[in-house]
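Chain naming follows the written order as A, B and C, and within any one chain the residues start at number 1.
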Amino acid sequence: MTVTAPEKEFVESLSKLDGRLPSGDLEDKWDKYKSSMKIVNPANKRKFNIIVVGTGLAGGSAAATLAELGYNVKSFCIQDTPRRAHSIAAQGGINAAKNYQNDGDSIHRLFIDTIKGGDYRAREENVHRLAEISTNIIDQCVAQGVPFARDYGGLLTNRSFGGSQVSRTFYARGQTGQQLLLGAYSAMMRQVAKQQIELFPNREMLDVVTVDDRARGIVVRNLKTGELETHSGDAVVLCTGGFGNVYFLSTNGKASNATAAWRCYKKGAFMANPCFAQIHPTCIPTSGEYQSKLTLMSESLRNDGRVWVPKDANDKRPPAEIPESDRDNFLERMYPAYGNLVPRDVGSRAIKKMCDEGKGLDPSGRAVYLDFSSAIERLGKKNISDKYGNLFDMYETITGDSPYKEPMKIYPAIHYIMGGLWVDYDLMSTIPGLFVLGEANFSDHGANRLGASALMQGLADGYFVIPNTLGNYLANTKLDSVSISSEEFKEARNDCKERTEDFLKIKGSSTVLEIHRELGGVMWDLVGMARTKESLEEALDKIPKIKDKFWNDLYISGESDTLNKSLEQAGRLADFLELGELMAMDALNREESCGAHFREEYQTEEGEPLRNDDKYAYVSAWEYNENNIPILHKEDLDYKFVKMTQRNYK
Amino acid sequence: MNQISFLKISSVLKKIIIAVTGLSLFLFLIIHLLGNITLFTGNPPGKDFNQYAHFLESFGILFTIAELGLLGFFLLHISTALYSNFINTSARVNRYAVSSFAGGKSKKTYASQSMVITGVVIMIFLIWHVLQFRLGIYYDTTYLDFNNGQPIRDLYKNVTEEFTNLWVVAGYTVAMTLLSLHLGHGFWSSFQSLGIYGKSFTRITYSISYLLGTIISIGFLFIPIYIYSIN
Amino acid sequence: MSEVISLNLQVWKQPSADEPGSFEFYSVKDISIHISFLEMLDVVNENLQKEGKEPIAFDSDCREGICGTCGFVIDGVAHGPLAKTTVCQLHMRHFEDGQTLVIEPFRATPFKVVKDLVVDRSSFDTIIQAGGYVTVSTGNAPDANNILIAKDNAEDAFDAAACIGCGACVASCPNASAALFTSAKISHLSHLPQGKIEDDARVKGMVEAMDDEGFGACSNHAECEAVCPKGISISNIALMRRNLIKTIL
C-alpha cells in the first residue's frame, strides 16, 4: 500500500521495512543467531553454485571463504585480475578492537565510535556485529601473511584515526588496503588452484537474473571480446563497491561504477540512503579540466599534519614565511578535543567553510595547507618519512612539490558511498538470494564512515558474515535447478544486448567523458558537500536534461564485439544519470543534516549538522517503479542500546 | 622421477649451473693467467714455460681427467646457456621497436645483453686456441738440467710462432675484448644466480666485476702483444 | 617554463592478438604539463573520437599507482623515464616540448596483446596459484600477537609484498623473465614465520609455474628493479634461488 507524497516525485510506502534483526542482548545477538542458523551439510555444499561479483575486500574474502567451505564459487571481476579491485587503493589502515595498546579500547567502544561517527543513522545490531568481528579479521589477515606494521618487540603496532580517541588502527605503511586485498586474493588463488573457484576476469555485470523472484544468475559482458555471457547459480553475492564516480571526479578507480547495483535496483532490490556520500577531507586539489581522478592523501596524515590557512585572506607569502601567529590552525581552533583528527565530514566542511570565506589557497581558492613542519621538527625527518614516506613521495610525484619542504595543499573529494543496496541483517537484499557485501550495501556506516572502517566492513562481511548467513539461506530454501537456456536468462541477455547496441546507434556528437563531466559538475555543486532544497531541486531539473543529451547526442566510435572502453563507460554513465537523480531525490527528502549529508537549512548555531531524530531516524530504501516514480520504504532505526545525542568533537 | 621431469630443469637451476660452471671457469682463467707468467721468466726464454707445461702433463691420467673435466665444464656452461637463451628468445617473439636503458638501479649493459654473442665468439676462439697450442705442431726441445736431458715439448715455440702473425694478434685482441665484457657481467652475476646477495656484497662485486674482467683480459692480451712487439 | 607542450606520438595499434599490429602517428598539441601521461592519452582519445576515429585502447583503473592495471613502454622503458612511477603517475612535466615518443605495449610471449596497449597478464595469477599463499582457511587463525615477527622481517616482507603485479619487470627484462614478480611473492612469505613453513613447496611450485607459462630466465640485468614502480629489489630473486637450492640440498 502506498501514498503519493505531495509535490514530490515519489510515493511513500506505508508498511515499514523489516531488517530481520535478531532479538536479545546486543552483545549476544550475533553469537546466538549464528548458533541458531541452519547449516548446509558439508557433502551438500559442493552441490551449490555461488556467484560472487567483485573481488575487492568483500568479494575476495567472500569467494575465498565460501570456496574453503566447499561451495562451488564463480568469481567475476571487472579488472583483468582479482588483485586489482579498488580496495587496493585504501591507504591508512583497518580498525579492530584489539586493545593491544591498553588505552581503553573495547568492542563496545568501537561500536559506540562507529555509531556516533555515522551520526546515528546505522543499525545498532550491524555495527555491533562489525565491532565484534573486527578482532577476528586481524587474526585472519596476520595468519595469511599480511605484513602489518610491528614494533621492535615483534608485536603489532597501531595508529590513531579520525573520530576515535584510542589507537586501534592496524596498518601496513600507507598501503594497508593493498596488503589486505592481496591477502584475500592469495586465499582466492589457493581455491582457484583447488578448482573450488572459477575465475572470470574482465567481466562487467550488466544484469541480475531472477527466476521465481529469486536471484539465480547474472549477465556479464566480457570486456575483452564484447561477448555477452549468462551464468546461473543458487545465490548471487554482489560485492561491486561504491558509486562515487557519479561525481565524475572522485578518489575511486576508473572502473568503479554503479551498474551492477543499479541493475539489481531495477530488478527489485531497494537502494538505501543513496545520498550519503562521504567526502574525504585530504585529497590533492583539482588542477585542470583534463584531470581524470582525485588522489587521496591518507587520513593518517592528520595524526601529525596540521591543517591551516593564513589568518588574513590576502596574505600571499609562501607558507614557510608565515609565522605561527599569522596561521589559522582552524581544526584545532574549532574542535579543541579532537583537533586535526575530527571525523571526515566535520573536517571536510570546515575546509569548505574556510574556502567559502575566501581563505582558500591559490590558484583555485579551493585548497588549504596540511603542514608537517612542526612534526618534522618534533620527531625528525626520518621518523616522519618512516610513517608517511610513500604518501609524501606520491604527493611529490603528482604535484612536483615535496611535503618535507613545504606543506601539502589539500581539498575534500568524494571518496566513499555509505548508501547502497538495502540489506537485512543477513546481508540479503530485497531480492531473495541476492546478497550485497561491502561498500555496495548500506549497512554499517550510517551517514558517515569513520576512517579505517571500510576495510573492516568489507572483510567482516566476506570472511565472517556471509559464510554463515548464506548457508542459512541455502539450508532454508528449496531451490529448483535453473538453466541458462531458460527464457529468463535469454530475455535478460537480450535486454543487455539491445541496450549495448542502442548506445552505438545514437551517433551524436558528445563523448562519454564530456557528458560525464557535466553530470559530475552538477552532482558536486548541487548534491555535494553542502546541499539545500534549492540546489537539489535544481539538480533534479538539470540531470534529466543531461540524460536527454546522453540519449540523443552521445557518440561512441568502434563496435560492441571487441574491447571498447567508451562503450563500457557509456553503459556506466547511463546508470549514473539515473542514480544521480535518485541521490538528489533522497537528499531532498531528508530534511535534516546528518553525517555527510549536510543540508544548509539544518545546522546548529555553530554550523554543525542538525539531525531531526523524530522525523528522520530511518533508513530510506527506494524501490524502483516501472513508471519511474520510485517508492520510498522506511526502516525505522529504533535505538535500544545507545542514546542518540548531538555529535560533539569539540 | 620420470625422464621428462628429469630433463626439465627449472630456469633457476639452469642459471645456477651456468653460475657454478662460470665461476669455476673464471678460477681456471686466473690459474691459467698465473701460469702464463712463466712465459716471461726463465733463461733461455721459454724454459720456465715449457717446464711448467711439462710439469702439468706429467700428471698423466690425472691431467687428462682434469682436461676432460675442464672441457665438461665448458660444454655444460655453453650448452645450458644456449638452451636457456633459446627459451629466453621464445619468451619474446615480438621484439620492441625501441630498446633503451632505464638507468638507476639497472645493471643492464651492452655486455649483459650480449653474453651469448660474446660467449659464442669466445667458444670459437677457444677451439682455435686449443688447435693452435694444445693440439698445435709438436716441437721439442731439451734442457740439460731438466727431465734428465730428455726432450720435452717446446710449446714456447708455438707461442712465439703464432704471435708474430699480426692476424693472430688481432684475433686475440678481439677475443680478449669480448672476454672482458663476458666476465664483466658474468662475475658478479654468478653470485646473484647462486642467491648470494648482500647490499654491500652485491654493490662491491658489481663494481669490481667489469674491472676484474678487464684486468684478466689485459693480462692475457699482454702476451701476444708483447711477443709481437719484441719480434 | 611553458605550461603546455606538444608531442609526437608513435603508438602501437593492434586490433587483436591474432591480427598484426603497426605504429600509428599522432600529433598532440597544447598538453598541460600538470596532467598525467594517461590523462594526456585521454585528451588524444577525446580528439580521436571527435574526428570519428577509434581511440587508443589502454588499461587503467586506480590512477594512483597502486592497482597495477596501467603500463606500457615509452621509448624503450617500461612505465617511462621516471623511476618508481607507473604511467598513471607520470606527469607531463617530465617531457619536453616537441619530443617524439614511441609507445609500445608490454611485450612478452605470455603477455598476449588484447588490443593496442592492453595485454593479458593472467599468467601472473597462474603463478600465484602455484603457491603464492599461506595455507590457512578463514576462522583458523590464532590471536594476531601470538605470532611475533621482528620489525626488520616485517619490513622486508612488506618491501617484497608491495609488488603491484603490473608486469613492468617482465616487459623490461631482455629475457621476458618473471623472476622479480615471482620472487617478490616468495620473498614476502618467506620473511614471515607463518609463510616460511611452506617455503619448499612454494618455491618449487611457483618457479615451475613461471617456466610453464613461457617466461624467460633471469640473467641478472636488474632492469626490472629499475623500472619497478615499487622499487622491488633483485635481492628477492637471490632469495628465491637460495630457497630453491635449499630444496635440492
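Rule of thumb we're sticking to: a contact is a pair of C-beta atoms (placed from the backbone, for glycine too) under 8 Å apart; a residue touches a chain by one contact, two chains touch by 3 or more.
Bear in mind the structure is a predicted one, so any value in this text is a computation, not a measurement.
In terms of which chains touch, the assembly is arranged as an unbranched chain of neighbours.
Greatest Cα centroid separation from subunit C: this falls to B.
Averaged Cα coordinates give subunit A a centre that lies 27 Å from the centre of subunit C. Work out the mean CA point of subunit A and of subunit B, and you get 63 Å between them.
Chain centres here are Cα means. That of subunit B falls 37 Å from that of subunit C. Chain contact summary for the complex, subunit C toward subunit B: residues 12, 23, 73, 75-78, 83, 102, 104, 107-110, 172, 174-177, 179, 207-208, 210-211, 214-223, 225-227, 231, 233-235, 237-245, 248.
On the subunit A side of its complex with subunit C, the touching residues are 61, 64-65, 68, 79-86, 88-89, 98, 100, 136, 138-145, 147-156, 172-173, 175, 178-179, 182, 185-187, 189-190, 192-193, 199, 201, 224, 251, 253-255, 287-288, 290-293, 295-296, 393-394, 397-398, 400, 463-464, 467, 509, 511, 513-514, 555-558, 562-563, 565-566. Residue ranges of subunit C in contact with subunit A, taken from their complex: 15-16, 32, 34-36, 38-40, 42-43, 46, 48-50, 52-55, 57, 59-69, 82, 84-85, 89, 91, 93, 114-115, 118, 120-122, 124-125, 128-130, 132-145, 147-151, 154-155, 157-158, 161-162, 164-165, 188-189, 191-192, 194-195.
Of all the residues in subunit B, the ones that touch subunit C in their complex are 10-16, 84, 87-108, 112-113, 115, 185, 188-189, 192-197, 199, 202.
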